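Both of the next two complexes hold chain A, though its partner changes from chain B to chain C.
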Partner chain A sequence: MAAIQSDNHGLRLFVRYAVLTLIAVIFIFPLIFMLMSSLKPDQQLLTDTESLRAFLPVGDISLDNYFAAFRRAPVGLFVFNSVLVTGLTVLLSLAVCSLAAFAFVFIDWRGRELLLTLILATLIVPFETIAIPLLLISANLPWIGLEGITRGWLNSYQVQIVPFIADGLTIFLFVQYFKDLPGELIEAARVEGASWGQVYRKVVMPLAGPVLATAAILKFLAMYNQYLWPLMVVQQEAYRPVMVGLQYFFQLNRAWGEIMAYLSLITVPVLAFYLFLQRAFIASIASTGIKG
Partner chain B sequence: MASKFTRSNRTGWMMAGPAAALMAIFVVLPFLFAIGLSFTNQRLISPNPTQFVGLSNYEQLLGVGVLTLAPETDTTGAVLRDADGKPSYPSVRSFTRNNDQYPQYDGMREWFSFGLGDNQVYVLGRDIVFLKALVNTVIFVLVVAPVQGGLALGLALLINQRLRGINLFRAIYFMPVVVSIVVVSLLWRFIYDGNSGLLNNLLGAISLGTIPRIDWLGNPGTALGAIIAMSVWQAVGFHMVIWLSGLQTISPTLYEAAAIEGASPWQTFRYVTWPGLRNTAVLVLIVITMQAFSLFSQIDVMTGGGPLDSTQTIVFQAVERGYGKQDISGGSTISVVLFVIVLSISLIQRWLTREKK
Partner chain C sequence: MARVSLSGIKKNYGGVEIIKGVDIDVADGEFTVFVGPSGCGKSTLLRMIAGLEDITGGTLTIGDRVVNDLPPKDRSIAMVFQSYAIFPHMTVRENLAFGLTIANAPKAEKDAKVAEAARILQMEHLLDRRPSQLSGGQRQRVAIGRAIVRKPGVFLFDEPLSNLDAALRVDMRMELAKLHADLGATMIYVTHDQVEAMTLADKIVVLNAGIVQQVGTPLELYHRPANLFVAGFIGSPKMNFLKAKVEAVDATSVTVGSPDIGTLVLPKANVAAAVGDAVTVGMRPHHLTLGGAQDITGRVVLVERLGNETLTAIVLASGQQIIVALPGDIEVMAGQQLHLATQAERACLFLANGLAA
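Then we have the complex of A and B:
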């Protein structure tokens, strides 16, 4: 009797793992196909799709596609632009949004409730609905740069950064997190004579590690993967980020191996980053769900 | 916390000020602009001054008419029939082009038609492409919301087991979420390709060649479905994680109680798990709906709205007009229509799931 039960248990365990593995294959096969194809010459790449060879590093394997991709387009420049835009936006966003959330949660000032309600209300405005008028506004905004005052932000770094520094979701995440911190701690620091700036820097921010990670990851994903906005506001190669660079890359040629190499090049670092910080990534998505 | 130590109007405004100013310029202002511009004929760059045009952008976009036509008859009253024996009808164009008797139909085109008794009912629209985009987007949302939400819940339940190595599976299921939808769309063009596509090769191998090859994205009957399947594949991991965080808020003692009572797995789900997931369900539905209504990148990379407008969407049209044709007012009008739809749906969802007191 006991033996039969344990057999049954083993079978059920096997079925469970089989189901889990089958689903895993569905989620991972396009990515493996991408990586393997990036190593193959075009002709082999296309014939390999007829068999499981599509997912194996077999045949004429080399890094030629990667070198060719770099020769065909300024890939390094696109990557640099994306890293610069994403990095700056994440840093500025963390600073500006945490500062605002700090004021909303800990300081008592006139207008804070109304302002917070307004900011949270913007959460139901999809970016797509404001993109077109934002394009018109961006085309007319002034900018003070090295050449003096110029008008119009199209084709620049700032047009890709400044509009995304403050957003409702990031402020919401900080507000939720700060609310759970013990308020007495802040009040005690104030009673002892700390300025608001000191409370922010020395009391609250050192405790904010988890929410900083969450907000940084969400902002990073949104910015690095941005497509619609840079497509509209960046026509010059000099400021083009990776995702828009990809679109042009694709239209220029149908060299599949090079396209796969380019896709791998811009995706693998993000995937590696994700696998390295997997728990933090998943926790950050989960935290957007808490309390709705 | 209202004490003299926590009260400071100046500091409050100074600290919240940068964020408030940025959001005012880059979120609130464009939002108000969208509404304002939709009543004008503004273009991105134009030599002519902008004019107020009232509701005409909306009329142009959403104008529909229904025209019921009786079959044509000869002088004796007998119905005229064409070579196939079908009754023939007066041409729709005779009503929509320079017909003073029917000014309301002027400039409209046929959207679709159906027979009603002997009569033929023609549904006309001013902007057929936009109307198709609207319908496609609604279909996309109506399919994606339940399918993606349901599959995500299934995956969350599957991944919520205590098994060795379960974190590895969770990490893999979530993987497509961190990959850009643009990259994903390009990859899936390979999967859906009509000649050497992986999907055709797979179906061919399974069916030993009896299933014919299909150009999934080049066929009006399959293109939208193909994009739906890919979109679910990419985003389902995101919602799996949200369900998972909901599942983990349910107290284990409830499951113990259910086990002691001898509840079946289905009963446990129905009476313990599901009631505990109500708030999560609302959130998942709202988020999926809003994301689905914003469908753009997949279309831009995979089909460009075709074939035969079968994958046109609201946002794709807004961008094509507002950016492609530099018709800012036309694009803004579409944006406002989209916003009204999204707002109504989130209000309806909130009302349907309101706390019953």
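Then we have the complex of A and C:
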């Protein structure tokens, strides 16, 4: 009986690994294709797509496409802009949305149910429907900067950051997670004399590792992939993010090798971010014993 | 040190009255237990004392201050929760010192107080562990330690032992009794377990459906329950209830009778009952004995041998079943006829409205 069970267990483990490996392969192949193609001249790149050579570093391999990409567009500037905008938005969003969720879950105040419902309702509004009104508002907002008070947020970093700090999905993620935290922990902290601010900083946030990681990943991807909005509000190259920068490679002569090189370069921050979060995620689960 | 006084305390949840006007006085240094069935409002009452729940009506006094509207931290209380509620991301030391850290106490003071609490609870060797590395009993100790560090006037416990296994529960019960003796602090302890209530309490408050049923010492509740609810709730096995009719009443006694118990003269003075009234006679399983007057006769249906005593279920002529606690080495078997003697002076009498006569 025990033997049969363990056999069965082994088989199930095998199937699980097989399925996961298959999924991993499906996801990794486009990346390999991108990386390999970025090393090849356009002519070879196109003929290679007819065979498995597309996934192999064979033939005329060089870094020429990368040099060309840097000549064609200010790649470093675009990556810097995107990392800056994305990083700040992620940080601010985690802070603001977790505070909002904290107030919704732990503090008793009049109207919180209604307000939470309204915020969740925004989840079904597509960004495209509010893009134009948002553009008109942004064009007229005042800003206090180094040059004193100015009017209009177009062509700036803040116009790419501020509208995305508070969002329903992130608040929803935090609300769900906070609701599952043991209420007696929060009450114990209150009895011990902790203010709401201290409960947030010393009890709730240290236990929020898993939801912080989840929310950060979703926000990072959404922000790093921003295209429509920066296209609308940024005309100056100085503030342009990576996805809009892709346009530089779709002009008269379409250089596929350079496109692949550019894509490979702008993928690096994403991978770095994932690796960092994965470690933080595992560490937080290991230290708190609370599972996500 | 502090006394606690509840006066006309009420609690509504969305229009439903959960606590229906409760008056309780807890003296300074007293160990008071709130006991009652699950859902009767014990936790709600305790949480109102702690300040975790708003008080709908009435006055709550701790020490000599009305604290109805004070936040928990200003009430001079510490609370130990059923789930322990120790912080999983902090070491035992950090857990114990949490309140002091919040209050920005100097490190020397923190170290001293943590060391003292750890010494009292004998957990010096656990201070650098995390809660996930502790057993249930150790976690409970940390929770109690955190309360000790606060040096509160009043300790509040909400079913602190119910997540522990039976053997550990008995140990912790004794430790709590010892802790109370050592600290001399006022303690309010909530439980649904009447054995915990009987063993720990100076004073027991029996609650049912948001109403105080009776307040008294453990033995008062055991020997003179105020009503059928308390009589049935306190004592294990449960008190036997037998229906009877009043046959005669005079100034010093009342005579009751039924086919099951024959005629019984209970030495109760000035009972407000008339001949013919339906009443309930309460007899504890330990107050029925073999032989003697042979007041009650029945057939044995179930025997539970516990060693020190033998719990025997007996069916009477009317079909009602009662439990008798017989000596441990007695020879009884299912099917056997037994004759039992009652102890009239220890029997309880309840009138039709459920109150004790």
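Going forward, the second predicted complex is superposed on the first by the 231 of 292 C-alpha atoms of A that agree within 3 Å, B and C clash if a C-alpha of one lies under 4 Å from a C-alpha of the other, contacts with A are read in each partner's own complex, and residues count from 1 in each chain.
In this text, a contact is a pair of C-beta atoms (placed from the backbone, for glycine too) under 8 Å apart; a residue touches a chain by one contact, two chains touch by 3 or more.
The structure displayed is predicted, hence computed values, not measured ones.
Peer 1: Is A:D167 in contact with chain B, with chain C, with both, or with neither (first, second, both, neither)?
Peer 2: First partner only.
Peer 1: With the two structures laid over each other on chain A, which partner does A:R110 touch: chain B (first), chain C (second), both, or neither?
Peer 2: In the superposed model, A:R110 contacts chain B only, not chain C.
Peer 1: According to the stated criteria, A:Q158 is in contact with first (chain B), second (chain C), both, or neither; which is it?
Peer 2: A:Q158 contacts neither chain B nor chain C.
Peer 1: Looking only at chain A, is it chain B or chain C that touches more of its residues?
Peer 2: The partner making contact with more of chain A's residues is B.
Peer 1: Touching A:V96, do we find chain B (first), chain C (second), both, or neither?
Peer 2: So A:V96 only meets chain B here.
Peer 1: Which of the two partners, first being chain B and second being chain C, lies in contact with A:R190: first, second, both, or neither?
Peer 2: Both partners, chain B and chain C.
Peer 1: Touching A:Q176 in the superposition: chain B (first), chain C (second), both, neither?
Peer 2: So A:Q176 meets neither chain B nor chain C here.
Peer 1: Tell me which partner A:Q44 touches in the superposition: chain B (first), chain C (second), both or neither.
Peer 2: After superposing on A, A:Q44 lies clear of both chain B and chain C.
Peer 1: For A:L207 in the superposed arrangement: first (chain B), second (chain C), both or neither?
Peer 2: It touches chain C, and chain B stays clear.
Peer 1: So which positions on chain A get touched by both chain B and chain C?
Peer 2: Common to the two interfaces on chain A: residues 187, 190-191, 287-290.
Peer 1: In their complex, what parts of chain A are in touch with chain C?
Peer 2: 182, 184-185, 187-194, 198, 202-203, 206-207, 287-290
Peer 1: In the complex, go through chain B and note every residue touching chain A.
Peer 2: Counting only chain B, the residues touching chain A are 1-3, 5-16, 18-20, 22-23, 25-31, 33-34, 37, 42, 44, 155, 158, 161, 163, 166-167, 169-184, 186-188, 190-191, 196-198, 201, 233, 237-238, 241-242, 244-246, 279-280, 282-284, 290, 293-294, 296-297, 300-301, 315, 318-319, 322-323, 328, 331-332, 335-336, 338-339, 342-343, 346.
Peer 1: Enumerate the contact residues on chain A facing chain B in the complex.
Peer 2: Contacts found on chain A: 13, 16-17, 19-21, 23-24, 26-31, 33-34, 37, 46-47, 49-51, 54, 96-97, 99-100, 102-104, 106-112, 115, 118-119, 122, 124-137, 139, 162-168, 171, 183, 186-187, 190-191, 196, 200, 221, 224-225, 227-228, 231-232, 243, 246-247, 250, 256, 259, 263, 266-267, 270-271, 274-275, 278, 281-282, 285-290, 292.
Peer 1: Using the touch rule from the top, collect the residues of chain C that touch chain A in their complex.
Peer 2: Chain C reaches chain A through residues 50-52, 71-73, 77-79, 81-83, 85-89, 98-99, 101-103, 130-132, 146, 150.
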